[in-house]
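Worksheet for the structure shown next.
Letters are used for the chains, namely A, B, C and D, taken in the order the chains are written, and counting of residues starts over at 1 for each.
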Amino acid sequence: MNQASLECRHISLSYGTTPVLRDIDLRIEPGEFFALLGPSGSGKSTLLRLIAGFNQHQSGELLVDGQDISGVPPHLRNIGMVFQNYALWPHMTVWDNVAFGLVERRESRDAMRRKVGAVLDLVGLAQYARRRPAQLSGGQQQRVALARTIVIEPRLLLLDEPLSNLDKQLRVQMREELKNLQRKLGLTTVFVTHDQEEAMTTADRMAVLDKGILQQVGTAAGLYDYPHNRFVAGFVGTANLLEGEVTAVSADTLTFHARGLGPLALARPAEPPAIGPAALAFRPHQVSMRPRGEPGDGARVWLDGLVESAEFLGEFSRYRVRVGEVALTSDQPHYAGRGMFAPGAQVRLGLDPAQLRYLDR
Amino acid sequence: GTVTVITSFPKELTTAYQKAFEAANPGIKVEILNKNTTASVAYIRELPEGQRPDVMWASAPDAFEVLASYKLLQGAPEVVNRSAPEKIGNYPLNDPKGMYYGQALAGYGIEWNTRYLKAHKLPVPKEWSDLVRPEYFGHIAISSPSRSGTTQLTVETILQGEGWDKGWTQLLQIMGNAAAVTDRSFAVPDGVNNGQYGIGIVIDFLALAGKYSGYPVDFTYPSMTAVVPANIALIAGAKNADEAKKFMAYTMSVPGQQLLFDPKIGRLPILPYSMLKPPAGYPVPQDIAKRAKVQFNTELSGQRYPVVISLFDQMVTFRLKELQAATKAIHEAAAALKARPNARGGELLAQARSLAYTSLVGADNVKNPEFLELFRKSRRDVAVSKQLTGMEQMWSEKARANYERARQLAEEARGLAK
Amino acid sequence: MPATTLQTGARARSPRTLASPGPLIAFGLILAFLLCFLVLPVGTVIYTAFVTETGAPTLGHFGNFFGQLVFRESFFNSLWVALASTFFASVIAVPLAYLTVRFEFRGALLIQTLGVLPLIMPPFVGAVALQLIFGRSGSVNLLLDDWLGFTVPVMDGLVGVTFVESIHYFPFILLNLVAAMRNIDGAMEESALNLGARGLRLFRRVIFPLAMPGYLAGAALVFVKVFDDLGTPLVMGVSNMLAPQAYLRITSVGVDDPLGYVISVIMIGFSILALWLAARVMKGRDYATLQKGGNALQKRRLGRWESLLAYGWILLVLAVVLAPHAGILLMSFAKVWSFSVLPDAYTLEHYATVFSDAGGMIGNTLLYCLLAAGLDVVIGTAIAYLILRTRLPARQWLDWLASAALAIPGLVLAIGYLRLFKGVQLPGSDRLVVQTWVLIMLAYAVRRLPYALRSCMAALQQVHVSLEEAAQSLGASRLSTMRRVMVPLMAGGILAGFVTSFITAAVELSATLVLVSTESQAPMSLGIYLYMQSIAGRGPGAALGVLAVAVVGLGTYFSHRFVERSRAAVQPSSRA
Amino acid sequence: MNQASLECRHISLSYGTTPVLRDIDLRIEPGEFFALLGPSGSGKSTLLRLIAGFNQHQSGELLVDGQDISGVPPHLRNIGMVFQNYALWPHMTVWDNVAFGLVERRESRDAMRRKVGAVLDLVGLAQYARRRPAQLSGGQQQRVALARTIVIEPRLLLLDEPLSNLDKQLRVQMREELKNLQRKLGLTTVFVTHDQEEAMTTADRMAVLDKGILQQVGTAAGLYDYPHNRFVAGFVGTANLLEGEVTAVSADTLTFHARGLGPLALARPAEPPAIGPAALAFRPHQVSMRPRGEPGDGARVWLDGLVESAEFLGEFSRYRVRVGEVALTSDQPHYAGRGMFAPGAQVRLGLDPAQLRYLDR
């Protein structure tokens, strides 16, 4: 099997004087499926391009299987990359685009036919083999780009938003295939995505990048449940953030003075935060919501609020609720026929102390 | 073996000789290398000994002089046909130093396009002096003497015939009427043939070839002409000297000379007509030479050659526009004054003429050996080059100023005639 | 694979350069080629400009040069003519290119081919033919004089030179512009249309700027070519320009005037300056549009009036630029044509005359020119790649060096060859290199390299780099990437370069004259020259000229067909 | 205000012999925000391009404000379009790209400066104004493409996956801005998206396209809760589909014979389906899940199952549960610290009869 580990050691890169990657330190294990998340312009593509050999870092080391590959030209790295802009060759048919890498590897005609056929089936484009890229839809082009890369079974697979132009169904299907393929071949895979669900379902671990700095690396649940800082909390999933100050920690309670909301007496968590400025983070779907009249249970901290807006999102409805001077978000599961809270409704929000996180950065 | 002949002559001529010679000498092949004169000289110079072509065959004597000065020619006096005269007029047929030999003759003269003259209602010119007349303004073409050795000879003929100062005056007047001074000698007959120019100062065979090919052109030798040889020479370090000599001898033999009468070739032979069968009415070189008023002095020509061509370029070739403008103004003023004479006007006009048509180098100067010597020195010496370019620059500036002033004076004169 | 990685990784320590040996080798080979066949030969001749008689170095000759009125005048004349010609050539070429690429146009291919014909105007024949049509006593002026009583002196002086140069060299712009416009992603145009731009504004703001690499390549070529051109002023009898001045001084028999070489050096310097300026304009900009699957520009229909106008304009332009060809054709059938609108009588004789010679010459022309043009596009593509896609230091020098060839008189190069290769034998035989056709071919290749180079550069500038990166990430080496991805994508531009090199090599004369060492080596251009050197041979010369035009023209047409066809496959199958 | 209505009447289009749009019949009201959904290659881009004037339909009529614009050239339509592949002009800076349309409209320098500045602020690229597209990240490029189009305030705005390369946060922000802008200008907007959430939150109505055929048009909740056919049910949100047959409908019960599962006795819905083959559809998050031991309430139909796989998706975990011979999907809200069902766990699934849909197509 073709498993390779990847390690970035203190890698920095700038375009001209603009720093784009700063001191990236990252280890990806052999066979791991690793997701890279980050806002637009945070340097994700740059990092992938660097690994593939199209950008050169100004300092730091890039190791594959423990060997520094900084000087190795791209075509000898055997690192497959799917480009954000597809980069299909307009003068070749879909088939030829996909067969390209195999031709380079001097595969036999038969093997080639078999492999290309199989991968085209995989991405659902078998009947488009003779077309040229210009005759395909955007999503079809993206799939060709994907097929072209996975067919060569590289030792490291880099995917730059490989599924962004696909519909949800196809996306789910493709990512399952990708995952299967990855498992079967043990391909170490790094992929960039904006789709948090995608990252969470497919990735063994993931990293969040912002402004060229690695913010946090960990498993999906780790990042979701225990974000290191405000950025990660807000970026991975949706979070309500209450800015304020921890004013007192006692044996079993903790007092958090939320800005615009006043002091809250909360259960003391296992590892209580230090006294001082902090933010209280919790997820919208973990917020219970009741009409003002209904009684709440004692396990939660209840706050009175006013529904400002309501959105239907399919599986659930999302409410913006004004509590004191802050606006909190609350997601409630959707059931057809069951009414939603209307804007202007008086409600109570229940916070589960076990789900509250204190962030000091 | 193969004899390689490097030549600037047209295909008709070379092919005719090649065929005839090969027929007469089975076993010897003739390879013709056709290049223009400059390329020929460069080519020969750059080849190593033993690899050079065998025979150089061209009109311009200066090319042979250059080759001789580089020791690239080899005497072969045995090939010379002794039946040919020593001199044509006053011009020695063979190189006095014995490096190259006259093989055919050519004379310079005036060619005109009959349709053109008719359309522009112009009389046929007979003499050089005819060409200074105002009606020929803008109808004459000549090639530059610095580009064409034979034109240089023509210019020199006029200068020797009329004397330095008068000669230049006439020459400048003719040039004031010129439509063009071409860089290729062939452009002149070509332009006359197709009617672009009415009158050309050309070498006879080019004009005759046009005439015999059916173009509406004709040709005449003015009384002041030079008949000069086209030359052939053996190249030093040739591959195949023996057979080459055979070829050279053939070109000067009776059958070789007879070929020159072919209408597509149209050249004058060196052998007396008594030995050949000339077509009826064919010009006789000896007669032309005899008629000629000039006693051509080869040595003088050789001495002042660089001065003449350089002066001509600076005063005529590069200043043609200004010279034309001055001449036009002078013609107009003269016409106006003729209709309404005016003394002051006449004076101004005379001044204008003298400004426009006076050589910038006096007759004394050209006789000054130091002055001449300067032009002989190598231009690769920066100091010499500086002196020379300084001189040329001065001529150029002065010519421009003179022509400009002449134009103004002539216009003034014309204004007075009103 | 890991083994390779290890080795390469160990070798290339420096993080800055992706030092793989390929580009270095290519760089070395090209440099060696240019040194052997351009710099050294020319150097052996032109060093005269920098030394005194004794061989001591000096700049004195340059001082002498600038003191001269004639030279200052010549310089400004050359500059003026070059600028004006570039302008008029653009006026001719840009509409032709735009109309034929962007609109559904009957005979677009034919027009594009005809548009290239002016380049195939053998020297001398072209000038003679033009004189016959537009000259003082040419058909047009005779007619004008008959009917209206005046003549137009388009063929006189600097105006004449500008006129001839414009209609002779506009194909440089046409070819490169067409290639460049074909490389524009259709979405570029669509988004502009969508935002309300159209017609001229669309052209001015989006299409033309995107085709800029091609246009600049062509325009720079025209400028430099005209600036350095010798043939046209020479046959038009204009000597107050730089190239004729240099030529006159270098070739005056018996006078070895260093000023001629000084002028050459100055022309080289100025040409490089011009190219450098053109490169500056492009610097820091991005023209690559082909990326996401790439749809070419879509052809659109013209309205009735629009098409009337367009056809009218095109016919007018073609009538003017093809006049010399009409002239040659008439000449080749004419018995006598002198001071008349049309020849007096016609004959087929001239063709009979040349036919015996023509076969060998056509063969030679094709042999030399195809090889030379092939060599040119290979080197051109390689240089373009090195310059645009690698960070080798001094790579820009290859461009400057190669482009310097534009300004070097053929004669100088040829003499340099003879001098440099004096006595050198062809490996494996006792023949001298200077007596084989190899040098002729190489001289063509070197002299036409700038054309191919400009086109290749322009083509590569339009290809998005990620197309190449994709190939590398799939394991294609640089060479393989070039062959399988870059070259096909650059095909249009490469073809333009090939055609320009091929055509202009086919009519090259000055180096040919010196380098041909036996009759059997003569290409058509020499044959034409020889015929045209005699009055009686003008007809046969013209006939040979017609054959040359036909041969080269057909070659061009088929290469266009070839590219158009492979492009048709890329176009969407249906557009209502 | 600039409101325009758009109407497609029986529009068909094929590329060569491949039909791409078939008999599209659609009316979009003035000021409406309309979403177009559909799998990759279904013809969405083609439809947008057709409206913008870059494709010509072979039959049918295209009306804007009641006028057939089929013959109007693109530049006169005043219909703004954001292209799927951005199509930024590489030779212009970001500023020039955005100002392009304004220049065409001969706006004054001042107005131009103001408008371009404002829209660049809007998309968060003010400091990138002097860059060229090649110096931007993929998402940044997409934002430029968007800015360039909205700045001209067209009467109809077409967006082809305008946000696909943006991260979730930015996406949410951008779509809110878009929506605000759209409301402020009353712009009739059609946009293609693969993101169902995006479609649901922003669009007033939406249409689902498949294989060039309009499958259903309606509001988000309408499509979600009452899909017309299997395709829509599966495409909008996730659905469990049980194929089978309605065998009997009585006064208050209905018997559904599910393939591989056996007969189910269900409450009779208000509008019962016809006897015969049908599919039973329900949403994964509406499926209750309990350990096998726990008792279920009587309001639901309970099925025994076996957890086959479990995925953590942030807000919830997704389980594949085998019931009889079919695999059902069940989503359960996620709470940090609370355990998930492990693969192999014995569970009971509870279906809420009110949320079941019968599909006969």
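For the reader, a short list of remarks on this structure follows.
Throughout what follows, a residue touches a chain if its C-beta (ideal position, glycine included) is under 8 Å from a C-beta of that chain, and two chains touch if they have at least 3 such contacts.
Keep in mind that this is a model prediction, so the values were computed, not measured.
The chain pair with more C-beta contacts between its two chains, of A-C and C-D, is A-C.
The geometric centre of subunit C is 55 Å away from that of subunit D, both derived from CA atoms.
In terms of their C-alpha centroids, the spacing between subunit A and subunit D amounts to 21 Å.
Here the CA centre of subunit A is 89 Å from the CA centre of subunit B.
Shared interface positions of subunit C, i.e. residues touching 2 or more other chains, are given as 291-293, 572-573.
Multi-chain contact residues, meaning those touching two or more other chains, occur in subunit A at positions 85, 135-136, 138. Contacting chain pairs in the structure are A-C, A-D, B-C, C-D. Interface of subunit C with subunit A (complex): residues 1-2, 4-6, 8-9, 11-16, 18-20, 290-296, 464, 466-467, 469-478, 480-481, 484-485, 488-489, 491, 566, 569-573. In the complex of the two chains, the subunit D residues touching subunit A come out as 15, 37-46, 84-85, 135-140, 143, 160-161, 164-171, 194-197, 200-201, 220-221, 224-226, 234-237, 283, 285-286, 311-316, 318, 331, 333-337, 352, 354-355. Considering their complex, residues 49, 52-54, 56-59, 64-65, 67-81, 83, 85-92, 100-101, 103-105, 132-136, 138, 141, 145, 148-149, 152, 155, 158 of subunit A touch subunit C. Considering their complex, residues 48, 51-53, 58, 60-61, 63-65, 67-70, 128, 131-132, 135-138, 157, 234-235, 237, 239-240, 244, 247-248, 251-259, 335-340, 411, 414-415, 418-419, 422-423, 432, 434-435, 513-514, 516-519, 526, 530-531, 533-538 of subunit C touch subunit B.
Subunit B contributes residues 4, 8, 10-13, 31-39, 41-43, 46-48, 51, 60, 62-63, 65-66, 69, 113, 115-116, 119, 144, 146-147, 149, 179-184, 186-187, 189-191, 193-197, 206, 209-210, 212-217, 264, 306, 309, 313-314, 317-318, 321, 378-383, 385-386, 389-390, 392-393, 396-397, 400 to its touches with subunit C in the complex.
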